Structure formats: structure tokens, C-alpha cells
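So that you can tell them apart, the chains are marked A, B, C, D, E, F, G and H in the order they are listed, and the count of residues begins at 1 in each.
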Amino acid sequence: MNPVELKKLLADLSTGKLSVDEGMERLATLPYEDLGVARIDHHRHLRQGTPETILGARKTAEQMITIVGAMVRRGSNVLITRLDADKAESLVAKFPKGCYDGEARTFTLVQTPVEVLGKGRILVVCAGTSDLPVAREATVTARMLGNEVEELVDVGVAGIHRLFDRLDILRSAAVVIVVAGMEGALPSVIGGLVASPVIAVPTSVGYGASFGGIAALLGMLNSCASGVTVVNIDNGFGAACAAARINRRNPS
Amino acid sequence: MNPVELKKLLADLSTGKLSVDEGMERLATLPYEDLGVARIDHHRHLRQGTPETILGARKTAEQMITIVGAMVRRGSNVLITRLDADKAESLVAKFPKGCYDGEARTFTLVQTPVEVLGKGRILVVCAGTSDLPVAREATVTARMLGNEVEELVDVGVAGIHRLFDRLDILRSAAVVIVVAGMEGALPSVIGGLVASPVIAVPTSVGYGASFGGIAALLGMLNSCASGVTVVNIDNGFGAACAAARINRRNPS
Amino acid sequence: MNPVELKKLLADLSTGKLSVDEGMERLATLPYEDLGVARIDHHRHLRQGTPETILGARKTAEQMITIVGAMVRRGSNVLITRLDADKAESLVAKFPKGCYDGEARTFTLVQTPVEVLGKGRILVVCAGTSDLPVAREATVTARMLGNEVEELVDVGVAGIHRLFDRLDILRSAAVVIVVAGMEGALPSVIGGLVASPVIAVPTSVGYGASFGGIAALLGMLNSCASGVTVVNIDNGFGAACAAARINRRNPS
Amino acid sequence: MNPVELKKLLADLSTGKLSVDEGMERLATLPYEDLGVARIDHHRHLRQGTPETILGARKTAEQMITIVGAMVRRGSNVLITRLDADKAESLVAKFPKGCYDGEARTFTLVQTPVEVLGKGRILVVCAGTSDLPVAREATVTARMLGNEVEELVDVGVAGIHRLFDRLDILRSAAVVIVVAGMEGALPSVIGGLVASPVIAVPTSVGYGASFGGIAALLGMLNSCASGVTVVNIDNGFGAACAAARINRRNPS
Amino acid sequence: MNPVELKKLLADLSTGKLSVDEGMERLATLPYEDLGVARIDHHRHLRQGTPETILGARKTAEQMITIVGAMVRRGSNVLITRLDADKAESLVAKFPKGCYDGEARTFTLVQTPVEVLGKGRILVVCAGTSDLPVAREATVTARMLGNEVEELVDVGVAGIHRLFDRLDILRSAAVVIVVAGMEGALPSVIGGLVASPVIAVPTSVGYGASFGGIAALLGMLNSCASGVTVVNIDNGFGAACAAARINRRNPS
Amino acid sequence: MNPVELKKLLADLSTGKLSVDEGMERLATLPYEDLGVARIDHHRHLRQGTPETILGARKTAEQMITIVGAMVRRGSNVLITRLDADKAESLVAKFPKGCYDGEARTFTLVQTPVEVLGKGRILVVCAGTSDLPVAREATVTARMLGNEVEELVDVGVAGIHRLFDRLDILRSAAVVIVVAGMEGALPSVIGGLVASPVIAVPTSVGYGASFGGIAALLGMLNSCASGVTVVNIDNGFGAACAAARINRRNPS
Amino acid sequence: MNPVELKKLLADLSTGKLSVDEGMERLATLPYEDLGVARIDHHRHLRQGTPETILGARKTAEQMITIVGAMVRRGSNVLITRLDADKAESLVAKFPKGCYDGEARTFTLVQTPVEVLGKGRILVVCAGTSDLPVAREATVTARMLGNEVEELVDVGVAGIHRLFDRLDILRSAAVVIVVAGMEGALPSVIGGLVASPVIAVPTSVGYGASFGGIAALLGMLNSCASGVTVVNIDNGFGAACAAARINRRNPS
Amino acid sequence: MNPVELKKLLADLSTGKLSVDEGMERLATLPYEDLGVARIDHHRHLRQGTPETILGARKTAEQMITIVGAMVRRGSNVLITRLDADKAESLVAKFPKGCYDGEARTFTLVQTPVEVLGKGRILVVCAGTSDLPVAREATVTARMLGNEVEELVDVGVAGIHRLFDRLDILRSAAVVIVVAGMEGALPSVIGGLVASPVIAVPTSVGYGASFGGIAALLGMLNSCASGVTVVNIDNGFGAACAAARINRRNPS
């Protein structure tokens, strides 16, 4: 029931087409969403700024082709994350306008140009090539969410002076996403150098006592630079969503 | 070496008082901070918007009186967190302008009025009285950092409809800090209802398999509402710092 | 807005006292609870069968006296769990009709007689005196929720034949709550002997590699007797709530 | 020794065919089961309502064909869980009356129609397609155990309003099985909305700090909705067994 | 029903005092224990060689006085473990024949002399004074169980040559109990030097990454000397019980 | 230097062929093993009763053929554990006298008949087919170590009465090895029924919260039946070695 | 900006080509590295003594060929660790001067002879063939870093006397690297026998409760031999780097 | 048996006072230590450079007074670590030459002046006052072991530029001990700036997800600066022992 229908119901009441008891019954069982709450959901990608998104990890190429087909018909932009190269091939064959980024393992399909919604620039920082796939997933996601994004790769804690050459870039960003594996110390260092929000992404890069990213995760949660927040291990997508929420020009 | 000294050095060079080689040597050994980087540190509370802050947990009352005394002489505002009531008594006796909040376990001393630096309102949400100390720590901290703060207490996942009566308050906030123990599900629910940044704070409230907050922490890191970020267990202070970074009018 | 008010709103519409647009506006902002959803909450103890309950663990005697006072004025029955003996003394002094069970660590105050709502008998089983406090918490809670309860104490896995003498009691129960620490194997054995629902409660009894109840918890989650469900460590209260849900004569 | 034999023994005693000492000896070594305890086991699937069940995970197709063949000869109904598609093919080829459900990964073979033994309807709820295999395993199992089952898919915590449209379905179920991965918060929300028993099944869906379902498991064990019980990670089968125990018309 | 009663029942049958049907009924409901199984339990300390034992950790002095009193009346020998000195004082005051060992934290009361049941000597080895309480608990327990026991203290892995001076003592023992904290390596070394059974007891001695004995426990479970078995952390009592089982002259 | 050489050295001294100082020097640098300690090692399989054993898990077929060849030339009996079927094929082809047990995953080659060294019978118990490989590894190992071994399969905690039919077998064993996965409760039950030594072997059988055998391991370490000892997860080999140490007729 | 440019800047100032204010501005934004700090980085392998090193684990053969090519052009020596044999083949085909060690899984390419920089000999000790790959990685790395290295294989804790035959080798080493899996006790034993620095490397060798090397790691961190330090699980490379730092003749 | 006695034995042999067989017997049972191995032990503090050391944590003042008394009589220097202030009072009262450091919680008693044995200076670095007790324990221990020690306090990762002002001190140290809690990132940064050995000490400083130092420990084990080694949590003593081994002028 949309507002038009609701208005008609009330009009019917006021004109006697509907009795008070009939109106009671219909309103009592009225699903919430008809009151404007749930419609938000049908337009979730508008409300939260996210394109329609698929987690590609456990789906077959066939399943994804079906889902993307439906999205394309709705006119949505599409973002698939954690997509293997072989499945990507089938998708690109089917949707030649789509684009696969082998580093980020993302598939993007833009039907309506992505409008820049962000106030400033999101900076994605990581220490090296091992962390790059997670960093790139953040980059692709943040761009799809309407943000200007820059990447700063190859600045690490054990070669700390390299960071100082990039102070300008670091300090001019509206939000900084720091991707790091191993001991996960980079967000602490950067958090001490900039005043803007810092989102830390632990990666599962490492071996032995890195425990698949737990070491980095704990390091980031215990950061001595106050005001650093953390997302799940390898969650470049989530970090970009959080950064986009922060960077949104008109959030509500 | 401060800018004045640097200017003098260059002037001496330009006037020949100093040879080029002498200038080389002095500059080569020039400590960084003299170039304007480290001065930032002396004014850290300006750079990052934090007042001078003390973690009260492991310090004696005597140690804190000494530290606060020095801060007062510098003209700083002071925030002590995790302060036991008995130690607070000594501090308030010594610094009667200071104020102890027994719920938040914070001591605050304001010498210069706190200017509102935030763009919007920070909302601190928690499910009940058990989580209140952590929520209140966030509130006090965020206010000391120059933000307008509102609290929303007693909205829980098991009585989900109460949240819906507060949608206006939730959706009008610039940043939402959600404090929750036990299963830590509240940030997911709220993250699905608002478009603004959501910072989740797990608390150590619970028993048995809550493992001192680990259950809540993991719940939040795995939030199905994308864009939720997380801080350390019981870290109301850190959440407020992150919220202040986000809410800052002119971050850089 | 309650149904009476809603009816009046619709009547006003049908008689023209309220215009269609005015009706639209009031209904659009109508809080859910006025539609009958939230009222459930005001009567939560009726909907879920629970009395008004307080977790006594972190509250002061003063705080609890205030809360219980309010409950008493509402005419509610009261159940406090995890209540230390010294706090209990203050409560009983203030509310002499209340009753403290030192083993269960519960305080109960019955203003209106508890009606038996359960279909059958709930049986609470444990291996020995160490597990008794948790078992007794379950017993007290289940009784307050309107169930007939029986206890079977001192049947353990290492003296398995004792169980066989009690097969009649075990098999005639409507629900069996099994409380066990250490290796937590008792629910598996009982689950293989009865056809009724079995709820397992791990306790923190043990030392070393019992890890505060984790060993028992894992044992129960991995029970080889299919159909055993588990609650949190030491959560006698929760087990009783679950048993009461199962045993309810007219659940909806 | 069955009752007939026992009767004969006693008759022999009463007629002097057997001396008292001979009787003593035979009875002293009498295996329990002859006294009616163990016979229960031969009819375990009747006692507990379960069909003969095989965990398919570690068995070869050949092993399972042998086992199913024996069950078929006994006239039993058969349920195999965790069965890979390739092994299923061999089984269906051999037993064409059997049926493989690729989503649930179950093989079922019904020789005698499953009688409805349950009092009410079991509702299986999950948040999305990732949790569907576990939910479907619960559905198939519960049906094989003689229950009417309904599924409610795609209701999640981050889109909480969708739950409200299904309140009728939720509240009319006799038992609700809630299957959820990631933060595992759905059972808490549903546990707060219904009065019937809620069984929570954590799934291993997720990555990073979901730790193969531990995050969901802990979330459920710490549910703020009292009366929620939990089974092992991915244990749709066990949840259905527990639900069937609860829903049984004549449990004993 | 004891054998005498059973014999009478059969005699009554053979003489016609009891009909066959009456005999059937009485035997069908006959509790197991009357068939000689449960009597074992009444004499458990004879069957397993253990004296009546109390875990003193969570009991009050009053509770223990009651229990010991009952044991004394039964003529049993008594062993209490994990007994604090202050509670011990009350016990010894009440039972002056009893004896408290402050190092082992055990109370023993011998009413009938302990007969030596073991074939050989049990050797209890530990590295130093920190592990001594656990070692001594093993010693006292093993002696109460009828074994000759010798202690070898102050042989550690970091001073490995000291072990070699004791090869005779090590190799002449029937069973070796090795108590060790920290890295728990001593059982591996000893297991490589002797051919007799080695029981390893991890202790909670250590700090930091010893995690309350987990490091030692894992070390022992992974011992490179094959044939070493392990008991729970700090479980000197259990190690002695196992050693007594091994050392028993006529185990069955 | 062997005893013969030592004797010669001393004779040379006594006859003046060697000066005191020369004797001093040679003895000061005398390696231990020449004093009879290390020779033990050359005959380790005699000292500890173990055949020459290879852990097959990480070795190639080629590596094992080389090692077994050397052992064969020494006249040793051979036991390889954790051997994959494909590697076994190569070994059996090369050493046709050897024998591969596909269930136990062991390769055995007996050159000299295994003499029975054990006093009594070792009983290996497990709950079902999933635990069988570990149980069988124990069986094969114990037999190679000179023990009479019996297996008792398919007795589980959820069908506890089946155990009672086997009390004779259980109670007549000299040592009982109990192999169990899932909640690992079987050793507790058996430990309460027999007086002989019980060695518990947790297996990695299970899923979800069994955590690869941790649940069973913890259950066994916390056994309420005193005197149960534990070996590493899936360590059937180690359990057999421990049982052989216990069962040895003349251990030293 | 390099020293030449800096000198020119100062010269320009002294000659008036640049005003003082212009000089101020250029120097204030001067990146650190131009002041001689960052140049260190360009010569990192000189500063830290490491050759240019690649972690081969996650890189493709193509990626590594590109990187090695660049290194070769710079005239660097090259060390790749954790390199699979199949990728190694491509590398050796491309760079025939390079050398692959299949045990250590390292690729080394020496363009300029490695000068011996170490004061003494580094000894790498391990217990057996399973730990050999990690030990060998340490050996190869330490040699590439300019050290004389010796290996001592097959000395284990369960055959402790073998160590005593090697006391000379152990005590004459400048640094001892001890590689051990399972219970990780070897470093404690060796740490008690030598006075030189001991670096312990836990390996992931083992199964069950070895938890991929955690047992060994914890054992080493809790070593009772004071002065033993530890590196990450399987980190032979890191141990060698640490040993090289210690052994460096002129460290600064 | 000391060398003098051995010489006498050989002399007796050469003069015929002792027969060859008598000599055989005495030498065969000769304890090792008489051959010069164990004497090392009696002089352990000389061999390893450690004074006689007591871990004060679990000992009573009385126990320590006894032990220290014996050490004093032997003429040893004494070091007690982890000593509470109240116990220290008793010790200092008894041994007025001793000295208690309340920050380090150490008691030292120097009878013979500590000779400087180290080649260079050991630098102990920590981030702040919370880590100071552990740092100071390292300082005191290293000094007692004959090293020159310097402390560098208040250099943290979040204020990274402060480190750069201390590059000279950092780079001139022979060994650097870095003490850090929280995320434990400081050793990585310092390890990247210096070429000398770096020993990392995690501290239990922190809360929530620092898990009593586990976060810092994991961070250090995963350090991206190669060549950093780690000791146990809060183990300042062990770090100093390791540093002393490294810094020893003549290690063997």
C-alpha cells in the first residue's frame, strides 16, 4: 500500500465508502512498509549509497548471471566482490559492458554514470603488493559508491621515513583507509599523523602466528592512536562502505 | 630549532656569515621537528582535537595530581578516563574546578570553554544500564572534543520495536556510536536503519561464553550491515575520538 | 494511540471531523506500538510468560530496592538472579514478603499466585553439589514461570548405573534440563535415554583445561545424542526460560 | 533373553526344573537388555522418532549403498545428510525411489509414508541464500521426522522491517528454527517477537573474524532474548531433531 | 535387593510362594544394582582402590566436617584435596587423627592402615619448588591409594645433566609421574630415558604466554617421546589415580 | 669407546703403558655414550619395545623405500603409520612381505616373529566407524609391540546400555584404550566401569564446534572418572605405545 | 633533492639568487629523505646486511622473473624464500646462474661474492628431517648474509644424550638457531648448555594439539632457560636475519 | 669427584693400588658431573653470566630470606624479580646492603662489584609509563649481568617523529630491547631503523582485545622488520638475559 492507496483508503472512509470497522481492520493489519519505512528498502542502494552488490565467493557463474540479469533489467549499477577469474570470464562474456578487475577480484557494471557524492577524497593506503587485493577492493567499492579515491601503495612500518614524503597526500584526504597484514601497525602510525578519520583493514597476509589476520586485527583494535576504527579481516568492501558513509555530502 | 632560528640560519647564509658547507652540515643533522613536523606534537590536542588525556587505570592519585597540575599550568583542558571513585575524590579535593562523573568514571577539568567544532550531533546508543558506563565515557569524551552529543538508552535487539519509535533521532544524527555487550547485534540493526557512519563498541558485559566481550566484538566485526566499524572492547573513549574525527567541521 | 483512539480517528474521518490530509499526516507518523505491536512489550511478562526479572550481578542493593519497589507497585511478581547474600539481606529487610534462596542465589517475591501454565513436569538433572547452584537457579526460574519442577541430583557419567534406577522419572518429564560441568557428557547420555526435549547447561565448575566451562560447552555442542540444545555457561535462568517456552500449554 | 525366555526360566524354577542356585547364576549374568531396556534400542527410530540416518560426509558411495540396502530390507525410511552430489548420483541410480536434494545435500528414501506426529508447524527461518543449505537440511530432516514445516527465507537483521510483515507466520509456528551466519543476531530479534521455542543454528558462512561460525555461535549463546537454545555450527539436522522432540504430540 | 533377597525370591518361586507372573513383575522392574552391578558402587573405593575423596576447593569447613563425619562413621579412610590452610585448621580441630599437608594442600585421615597394593614404586618428579604443590598432591594421593612413592625434586630441562645422576632411580620406578610448568618439556626427556609408563602433569606455573598451564599442556600432548600420557592442568590427584591403576597388583 | 676399550685403557694405565696424565686427558674428553648410556640408543627398539617406526605423513614413497631398505638390512621389524594408499602401493611392490592396512593406514613388515611381551590383553574401544582408523592404528601398533589386542567397536555414549553387555570384556582387559570424537565422553563412562588403566584418544571426527578434536580433547582432560589419561588428537600410535609400556611384563 | 641539489640551494642563498623567504619555503617542505635519512633506504641491504629478498609464497613465476630481472640489473644478490619447485624451474631457466635448494625452498643468485661479515660461526640445530626445511632456510639465508654456518641435524629431546656428544660444536658457535616442532623443548635444553645467544624457531610440524606450531611456539616463549628468544612459526629466514644482526662484526 | 680425585684414581691404578676391575666399576658409575660437565652447573652464574636469581612471585618473605641468606654465605650477588613492596621491606630489613627498586620490583644485593662484561651499550626503549616496570626490570637485570644500560622512555608509534630525534642513541646501541604493550608495533619501527639486534618484549598493558599481552606478542612475532626476536609477555628479565648473551665480550 503506497501513499496514494492510503489516501484513497482515508478518502473512502470520509465519504462513507468504507465503514469505520472495515478501516480499522485494514489499518491494523497494514504492513509497516506501506507507511514509508519499508519503501526505503526497495531503494536501499539510494538510501545507503550502495550499488546492488553481490558477494561472489560461494555463488556459481550461472547463479550470478541470473542475478546480474535481473539487476540490469532494473537499471541498477552492479558490483560483485570476491569473484574468481574463471567465473568472471563467463560474466564478462554475458555482460560485455561489465568490467573485471583481476587484482581486486571485482566485477563492475555501470549503467548510469556514478555521480560523485563524496565531499572529499578517500585515500587507500597499504604496505605492499601482498595487501594490494584488499586495498584495491576498497578502491573499486568506494568509487562505485560515488567517491574520488587515491591509492598510496608501498609505505610500511619498517621503512617509516617513506611515509613522511607523503604527508601532504595523507593530510589532505577526507578519510584514510589503511590496509595492513602481519603486525597491523600501519594504522597506528598514520593515525598519529593525520586528523581525519582512519579505517583500519587487517588482512590475512602472513603465516604462522599471524593466524590468518588475527595478529593484525588485534594490533589494530589496540592501536595507540586514538580514533582508529576497524573492520573485519580482508574486508576492503566494508571499509569502503564505512568511508563512503563518512564522506557523504548529505548523509541523511 | 624553531622557524625563527631557521630563518636566522638562512639569513646568515645569505649574508655570508655562514659558509655553504657549514649550512650543509647544520641542515643535515637538523632534527625533523624543527621543520615544523614535531611542533605539531607539542600541540597534539589541537592537531587531533583531543584535550590532554590521561588513562587513569594504573596510576596512583598522587601521580595523577602531578600530571594534572602540569596540565593546568599549561592552560589545557583535562580528561581522565577509567578513574576509580576513591582516586577521583583526591583529585576533586585538589582541583575543585574539576568534575567527576561516577557512571562514566571520568574526571574533566575545563579551563577554556570547549568550542563546538562538530558539524552535527553525535548519538550514543546502548541497550541498557549495564552498558551505560561505556556509553557515558563516550558521551563525556565526545563533548570534551567539542561535539554536541545525545544519548539513547534502553533500546535493545530483543525489543526491536522500541527502535522504530526513535527513527527520527537515529536518522538525524551525524554519527552514531552503538555500545552493546552480549551478542553485540545492535549495531547491525541500527546500521541497517541509518545512512550515517556507525561506530560499534563491544562491552565486556555478559558472562560465560561472552568471554569478556569477545562475543560482542566478533558479532560487530561480522555485522551484516555494511559500513559498520568497530573499536576495542569497552573503548568508549576511542569511539568518541573516532566520531569526533568524522564530525570535525574542518578536519585538516 | 490505542485501538480506542484509532477507532476514534477513523470515526472522525468518516464524520468529516478530520480531513483526509489530516488523517494522512497522523497515520504516517503513527508509532508502531500504537498498532498493537508495542503494547505487547508493556505486557512482556504476559507475552513470554516471564515475571519481571533483574540480573542482580552488577547492581547495588540500593539500585535493586528502587527497581523492585516499582515492580511491587505495578503488582508484578519479581525474580532476581545472581544475587549475593549480603545484598539479599537488604532486599529481604525491605520486602519481607520476598524470599532468598542462598543456593540458587535468587530472590523471589510473589504478589499474585503463580498459575501453573505448563503441560507437564520439567526435570532438572545435575551430577553433584558443585553444579547445584546453576541447577537450582533453573528450578526457581521455571517455577516462577508457572511450571511444575522436579530435581534429580547426583547422577553422573562416571557412575552411570545410577541413572538407570531413575529411568521412570527421566522418561516421564516433559522437558529435561541437564546441568553439567567438567566434560559435560551427561546430556549425551540422557539424550540417548529419553525422547523428550533435552536442554544442556554447561557450568564453569572444574579447573585447568575446563577453561571456565568451555570444555563442557563444547562437549554439549558436539553431543552424539541428536536433538540436544545448549545454552550459555552457567545460564540456569535461560535454560528454564527455554523449557517454559517448550512446556507452555498455549504458547501463542 | 526375551520376556518369553524369562517367563520360561521362572516357570522352570517354579516347577523345579531349575534349582535356585542355577536360577541365581543365570539371572546374575543376565544382560540388561533382556529386561526391556535394550529392546528400546532395536527400535530406536521408533522411540526417538528418527528415521535411520547416515552422516554421509566421510563415507564412500559404496559404503552407503551397502548400508542403505540393509535399511531398505528392514523396511526403514532412510535419511542421509551431508551427501555430495556425485555420491548422490550413485545412490539414486541404485535406489531410484530415493530423492536427492542438492541444496540440502540430503538423500531421502520413503518406504512407508511419514505419519504427521507433530502438534504444530515448525518454521525454519534464515537470512539469505548463503544460509539456505543448512536451513534446508533442517527442513528435510524435520519433515522426515513427521512434522509440517514452513520456510521463511531472506529476513535479515540489517533489513529488520521485513520481519514485521511476517509476524503472523512467526507467531503461529509451534517451534522456530533460526539459521544465521555472520554475527548470528537473528535469533535474538525473533526470540523477542515470539513466545514459542526458538532453536538457533549458527552457520559457518562468513570470512575473517567469523572464524568458521564461532562468531555466530557466540552471538547466539549470548542472546539477549531469554529462552533461545543453540546447536552446533551448521547442524541443521540436530536443530530439526530438537524441534521434533519439542513438537511431538505424545513424546513419551 | 541383595543376593540374599534374590535367592529368597527364587526360593519362593521354586516353592510356589510366588507365582511366575509375580516373579516376572518383580524381576522386570528390578533395579540393576540389585544384580551386583551397583553394589560395586557402594564399594567404589574397593573397586577402584580410591579412598573416599573430597574436592575441597568450593566447600565450606562446615560442609566438609559433615561429610568427613559420615565417612568416619563408615570406617573409611579420607582424602581431601585442594584444601586451604584455614579450613584445614577447623578440620584438624574436629578430627585430631587427621593430618594436613600444607604443601600438598591435602587432609588425610587413616582409620584402617593403608595396605600396599602396588607392585612397584611410583616416582614423582618435578623441576622445582613452584611445581612442588602439585607433585606433593600426587605423592599423598598415591600413598593413600596403597603405593610406595618416591619424590625426585629439582631436575629441570635447562640443567639436563642433573637427570643423568638419577638414572637409577628413574629406571627402577614402576611408574613415573612428571610434573612440570612453563614449557612442559621434562616428560619428553624422561620418556626418552625410561621404559616404564610416564604420566605428565602440566602445572599452571608461569606467566604471560604460559596461559595458566596451556603451554605446558600442549607441550606434553605433543611430546616427541612416544607413550607419554597426560592429565589435566594441576591435576596431581588424577595422575596418582592413573598411576595407581597401572601399579595395581591385581587390577580386576 | 666400549667397555672392552675402557678396560684396555685401565689395563694400560695399570701396566704403565699409559701415563696418569695421558689417562686424565682421554677420560676427560670421554663421550658419555661410551659409558653405557648411549648404547641404549643404538638399541632403542629393544629398550622401549618399539619396532623401528616411521611417520609416513610427510615422506615420499622414495624416501620411505630407502629407509625401509636400511631397516630390512638391519633385520628390524618395521611399522609405518599415517601412510596413504598410493604410497603404500609402491612400498608393498618393493617389499612384498610387507602388509598395508587401509583402515589403519599402516604398513607393517615382520622379519622376526613378534614375541608376546605383554602381561594381559589390551582392549581398544571406539564408538563407531568414523573413529575406526585411529582405533585400528592403535591396534596394529600395540600388536607390533608384542601385545594381545582386542577391539570393541560401536559402543557409544548415546546408546549407553550396549556397554553393559560388554562388561566382561571391558573388565578383563589389562589396559583399555578408548578412542572417541565429538564430545569425547566415552572414556569417562568406561573409566567409571573398570579398575584398569584407561587411555583416552580424542579424534578429529566431528564438525563445527568440535574444532578438529579440541572438544573431545578437553572433554577427556576434564573426565569425571579419575585416573583417565589422555594422548594427542588422533594419536592411536601414542596410545598404543603407552599401553605397551603399562602392559610390559618386565618393564625395566 | 639530493646533496648536490641541497648544496646548490644553499649556494644560491649565499649568492642572493634565492631570498631567505624562498629558502624557508623550500626547506620547510623538504622531504626528509633528502636530508640523508631516506638514502639509507635505497641501500637497505647495506644498512641491514640483507640481500634483496623476495617472499615467493604468493607470487607467480612471471612476477618473480620481472622482479629478479630488475635486481640483476642493479647488480644485487638475490634471495627468494618459500619458492615452490615448479616456479623455481622457470626462474632457473631464465637465470641459469641462480640456484634452487629444494629442501630449503630457496632461490639464490650471487652476482658479487658474499663477503664474510660475521665474527663467528652460526650453528643451526634441528631434531629431525621434518624440521629440516625450516632449518635449511635459516642456513641458506645466514650464508647469503655473510656468515659461516654449520648444521647439526637429528639431535632431539627424547634422545638427549646425543646432544652431549656435540657439546664442542654447540659451545663453539657464536649464535645458535634451534629449530623444533612438536613440544618445542630443544631450545630449553640447548639454552642450558651454552652461553651464546640462542634463537628458537617453532615449526608447524606435528598434528592435533600441535595446532600448526602453536604448541612449539608457546613452549619456546616459556623456556626455562633464560635468554632464549623466539621468532614466528616456520620463520627460518627471520631467525637467520636475527643471527646475522648478532654476529655482525661492525653492526653500526 | 673432582679432577684431583680422578687423578688420584688413575695414579692408584698405575701404581697397582687399584685393580683394573675396581677401576672399571668406579668409572662406570661415575656421575657425569665429575667429568667436568656438571661442575659447570655449580658455577652456573659464571657460565651464563647470571647472578643467582630468584623469581619472587610465589615465594613468601620467609622463604626468600632463607634463600638469600644461603646465597650471601656463598658470596654470590643476588637478584630477585617480581617482588612485592611489602615482601621487599622484610628483605631489606634483614639485608640492609640490599636495594629494592619499586618500579622494577627488583631486589639486588651486590657483594662483589659487577664487572662490565659487555662489549657495548644495551638500550632499553619503551613507549610510556605503563610499560616502564617491565623496561626497568630489563635495565636492572642487564646491569646486574655486567652491562652498560641506557633507557629511552616515551617514544611511541603514534608520535613517530620523536623517534627520529633519537636516531643517534638508537643506532649506537649494541643491542636494543624494545618494550611495548597494546599493538606492539614499536619493535617493527625500530627494527627498520637500526642494524643491531632487536629484542621485543610484549607487555600485558592494555585492556579488552589486548588479551593480557597477546595482541602485542602476536604483533611482534609478525614484525615486518626482519631479524626482530621476541620473549614472553612481561619478561623483561629474559630480554636482559638474551641481550647479555649477545653483548658478552667472550661468550664461551
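The working rule: contacts are C-beta pairs under 8 Å (C-beta built on N, C-alpha and C of every residue); 3 or more make two chains touch, one makes a residue touch a chain.
Since the model is a prediction, treat every value here as computed from it, not as a measurement.
Q: Going only between touching chains, how few steps reach chain D from chain A?
A: Graph distance in the chain contact network comes out at 1.
Q: If you tally contacting C-beta pairs, which pair wins, C-D or A-G?
A: Answer to which pair has more contacts is C-D.
Q: With residue numbers as the basis of comparison, which of the pairs E-F, C-D or B-H duplicates the interface of E-H in over half of its contact pairs?
A: B-H
Q: Measure off the straight-line distance from the CA centroid of chain A to the CA centroid of chain C, and report it in whole Å.
A: Each chain's C-alpha centroid was found; their separation is 40 Å.
Q: Taking each chain's centre as the mean of its CA atoms, how far is chain G from chain H in angstrom?
A: The separation of the two C-alpha centroids amounts to 25 Å.
Q: Centroid from C-alpha atoms only, then distance chain C to chain F, rounded to Å. What do you get?
A: Measuring from centre to centre gives 51 Å for this pair.
Q: Specify, in ascending order, the residues of chain H that touch 2 or more different other chains.
A: Within chain H, residues 32, 37, 159, 164, 208-210, 214, 217, 221-222, 226, 232-233 contact more than one other chain.
Q: What pairs of chains are touching here?
A: A-B, A-C, A-D, A-G, A-H, B-C, B-D, B-G, B-H, C-D, C-E, C-F, D-E, D-F, E-F, E-G, E-H, F-G, F-H, G-H
Q: For chain A, which residues count as touching chain H in their complex?
A: Where chain A meets chain H, its residues are 127, 156-160, 163, 182-185, 188-189, 191-193, 206, 208-211, 214-216, 218-226.
Q: Using the touch definition up top, name the residues of chain B that touch chain H in the complex.
A: It is residues 31-33, 37-38, 41, 44, 55, 57-59, 202, 204, 212-214, 217, 232-235 of chain B that touch chain H.
Q: Mind listing the chain E positions that touch chain H in their complex?
A: Per the touch definition, chain E meets chain H at residues 129-130, 159, 161-162, 164-165, 205, 207-210.
Q: Which chain A residues qualify as touching chain C in the complex?
A: Listed in rising order, the residues are 3, 6-7, 10-11, 13-14, 16, 18-20, 23-24, 27-28, 30, 32, 35-36.
Q: Give the list of chain D residues in touch with chain C in this complex.
A: So the residues of chain D touching chain C come out as 32, 37, 47-50, 53, 164, 167, 171-172, 174, 195-199, 217, 221-222, 226-233, 237-239, 241-242, 244-246, 248, 251-252.
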